[in-house]
């Protein structure tokens, strides 16, 4: 560590985003005085091409060997600047970012305080980078096969997209047939296409596509490996174990309907004629709409948002129930022309293509739309007295007229919410995907990267990422397929290199670290009597590094020395500056 | 004295806040004493030779080739001698855990001077001190003025007072290690870089430890050594007994573990570990086989005295150094 | 509320309550909200709630709401239909409802009245003095009976529906003020001015009303046909002229469907406009024939005039669109009662 | 200048650091006493870092990780939780108020919760007064 380091520090204005709250010129000047800092500049837009050229030029001119950029979050532009270093012939890991936008200028109000904080963060980065070592990127080959979990419409579309392009697909479905929820649907909104006409040909194409191997009645328990080199063992229905090797995973595990039994207002399970939307779809598929007693209902009520948009059940909107409800009304009106149809709704959400027209057209079919308060006054269904000549009465305060009304109903269709599958958590652990509060899978970026996940090579599509309708699910499935075909086409992919490494001169073989690793990347070498890290499996979390009592495991790019010096840098300036 | 061709090296041994064990370990060389005496002149060794401080002061600077300073710096006399010996010796070795990390005396850093005096001179069961007399640095008697060294509030390690050339860990250090180091110095072998630890291995105890080790390092509770029937062959940690072996350098020949006692960390941390207690706490906590906060608390209750256990020998040398009051 | 479609527009289902119409209407104010409230009552079939609302009478059909409706639910015409329905509702005899609902019943009634008059003529073998005397008496008693038997009770029913049943307990003072603005509005329809870009239409309507009232007073009370007083005669000509000129203008705009309100004319609207025109025109001709001495050998013109007047008096005034003249004026005062009650309630609540 | 505590925060890259970024992109305002260090997982936070932060003069240390079950590496946050409890017991023995160290779960979508946590924890540390650890260490040697 004795040879002299030449660090270049760049403080970004980010237009006014940073400069408005942080005195970037002063920061650059102050940091310039730190040891090993050869140049310290401020610049309008570091991430712009001229900004990056500035870095490349300076590296060459002042033969810098380390670069610190203090600007936005490393989660946004760390890769951009690492590429710039690479172009300048410098190892991309000789780079550190200080986040003075999202975590300083945008969140503080006192300019002096923000500038002081920025200085301590940049000083910390400078301290840290003195201990950085160059690390070489590892590239691995891609196994062109792909595993798809879930045989619903999303899974099938992705399978066909990749299968038809000549690549191998393993399609895993936990039920005994493909099709998922779409198989239980009669017609689809808003153009009333038949679900079977959509699904049956696709399933036929899947079954006789040679590249697609379907495994029914199969669940995933554990997937090992990393992008390009995954493997897993599955036991399909007939019991013998099958070993699968593949390069990418598409999770299309879909959703499960909410069990409305949990809402006692609706009396599902107690009142026979209160049915869910799926049960109603079955009736529509059979073509006969009759109550449990076999009679044609004179009054049918459809209740929206059952289990959705309410703190006690699910706060999110399940997106597809409004249009499905309108589809039901249309089908009811054509099947039973003089039945009274009541749509009890909170808000009609008809955002899709052709849906608003569908809603306008439906409302002219003499269907009574009644608005209830979804948050605090859910409708209550109770058995009607004999003199009411209907089976049930639904009471609630109708918001549009302000009246407390009783809606007569011989049949009530509950538009049940969509929620995560029971085994959502197991699949998440199997493929290493994180989940949000509602147990939907978290995408890499909600806006810029909705189908990929933070785990390379694992994609989430369709309902399992959040409730969505058929066109969205299919487009997500096709998007993931396209991304995978692109990586297969390249044939190789860069892999995380900030992994852990054991210093065998110090490791005493106490094996405390072996079971700490969630990816079983650490094993004990009997002859040498030391632990060894399989860099291929290691994902760089660093937990083993901080567990090792001997300090023999070094987490590359997050070593003890780097972080300890970062702490020193963080505290050094803030104390002196406070006294000044 | 035939092989007189080389001049004898001057050697000094001093003991600061120590128990005398280190000095005894120097004596323990038994028959090797003659080699030592043959090769070195002992110019200052309060426990064994009647050489006065003023004799040392009289020596020219750097006159002593090797000084073994054992014991921590607890009072003004320890500090004065430490500085004096530093001035007078070429190589100053922090000999034993107390000089190296503060050792057992260093545990005084859990209390303040007043608390110590109160305990010693007032509340101990066998003491009657109604008008709570305290030792005074100076006390007049007819014959003259009696002096006592000033009792500092904190215990410090040797390197926190003077610049130390080498550290020879252990409580006490193994005599064989001492002899090896001594012979290396005497024969003028190339010495390791200044400030490094000598007389100990880089690898920690587990490397030499005879007990069977496995990767089953998850426990539901911890035991103090007397609370468990140790099976004599599996690793203490796997039985739930806190053993600082992994965070302590080897070199002592696993004496404690041979005697069926868990290692207490007297040989000091492996290389590049600023605070062995922190590292060990991290490892021990990670071994708790619970994920629910209450359950974790219950398991931690079975660790009676974390600070004392993990910093038994190294409190003054640890990052936090002492309990703040 | 299936039967509502017989009173005019049936498109209320299209409304999904975005509230544009209420927002754009310049007459909406605290406590007086329309037309969405009425449409909702219509959609849900809350007849008694609809009956208690006085707002339909305050709407002067400027057509802005229909223009802004995203769903083309045509709130303007819906309000017109509600007015017709309310007219039928207030009429205790039920004939108003009948005439709205079945055109044939209306035509039969007109024909019967015409036959009645002609029969009277034969009985008096078309002796001009006798017939004219009879016509004069008839007009006089007609007004009297129609008011006492039909109109006053209907007004009371309206009061019952919009104030008592709607539980509007306005402070006593506001009743006095209500009578005040009843008079002012009856004769000036000043509230129409609150609707933007309606001043021209108000002027036409105002002159028509003045013309009609003037003609009524002159013919019935000042015996326009029998009097010699030149001033009265000229006044008669003017008022008569006013009536048939402006009705003619209204007819043209209804034909050309220039404005929103003219787009959906119901038969009853046509009857009302044509008969008003005829009444004005025939009265004008009769007077003219008297002045140029043609009346005796062309007595048929008086017969026609008498038929028109009696059909007007017996049918259109009590059961037809004429009633809006009273209901709108009373509606203004009842609305003020409602506002006063609201202010009182807010005051007590605060 | 009234006493303004300095708090060192270790945020895990996948959840709490992203949550802190979200608080930034949503322009939420919170106290500026916190200095954030990014680690790949809360399991990476070594007690040595926490002690070193106090030695360097921090008045409080905040560790944020993913909610149990959400950890990108499955169990890193549980390891951190275990160390947190042992460290707090050790702190009490060293005369440090155990509130000087705080562990909280912040998910990637909880920008607001992070902002509120920073404000409330700054308040807590302010009430504890400045941490004398650094000053004691300096006067010791």
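For clarity, chains are labelled A, B, C and D in written order, and residue numbers in each chain start from 1.
The rule is short, and it goes like this: contacts are C-beta pairs under 8 Å (C-beta built on N, C-alpha and C of every residue); 3 or more make two chains touch, one makes a residue touch a chain.
None of these values were measured; they are calculated from a predicted model.
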{"item": "Chain pair showing more contacts of the two, A-B and A-C", "value": "A-B"}
{"item": "Intercentroid distance (Cα basis), chain B paired with chain A, Å", "value": "54"}
{"item": "Computed distance of Cα centres, chain C from chain A, in Å", "value": "66"}
{"item": "Length of the line joining the C-alpha centres of chain B and chain D, rounded to whole Å", "value": "34"}
{"item": "Rounded Å distance, chain C centre to chain D centre (Cα mean)", "value": "79"}
{"item": "Contacts with 2+ other chains: residues of chain C", "value": "none"}
{"item": "Two or more partner chains touched - positions in chain A", "value": "516, 543, 546-547, 560, 564"}
{"item": "Multi-partner residues of chain B (at least 2 other chains)", "value": "274, 279, 282, 286"}
{"item": "Listing of all chain pairs that touch each other, if any do", "value": "A-B, A-C, A-D, B-D"}
{"item": "Residues of chain B that touch chain D when the two form their complex", "value": "110, 154, 156, 160-161, 274-275, 278-279, 281-282, 284-286, 288, 290-291, 293, 296-297, 300, 303, 305-308, 310, 318-325"}
{"item": "Residue ranges of chain B in contact with chain A within the complex", "value": "202-207, 213-218, 235, 237, 245-247, 250, 269-274, 279-280, 282-283, 286-287"}
{"item": "Parts of chain D lying in touch with chain B, wherever the complex brings them together", "value": "46-48, 50-52, 54-55, 68, 78-79, 81-83, 85-87, 89-90, 93-96, 132-133, 136-137, 140-141"}
{"item": "Residue ranges of chain A in contact with chain D within the complex", "value": "73-75, 99, 101-104, 106-110, 113-114, 117, 120-121, 124, 425, 429, 432, 434-437, 442, 454-455, 498, 516, 518-519, 539-543, 545-547, 555, 558, 560, 563-564, 566-568, 570-572, 574-575, 578"}
{"item": "Residue ranges of chain A in contact with chain C within the complex", "value": "348, 359-360, 363-371, 398, 400-401, 403, 405"}
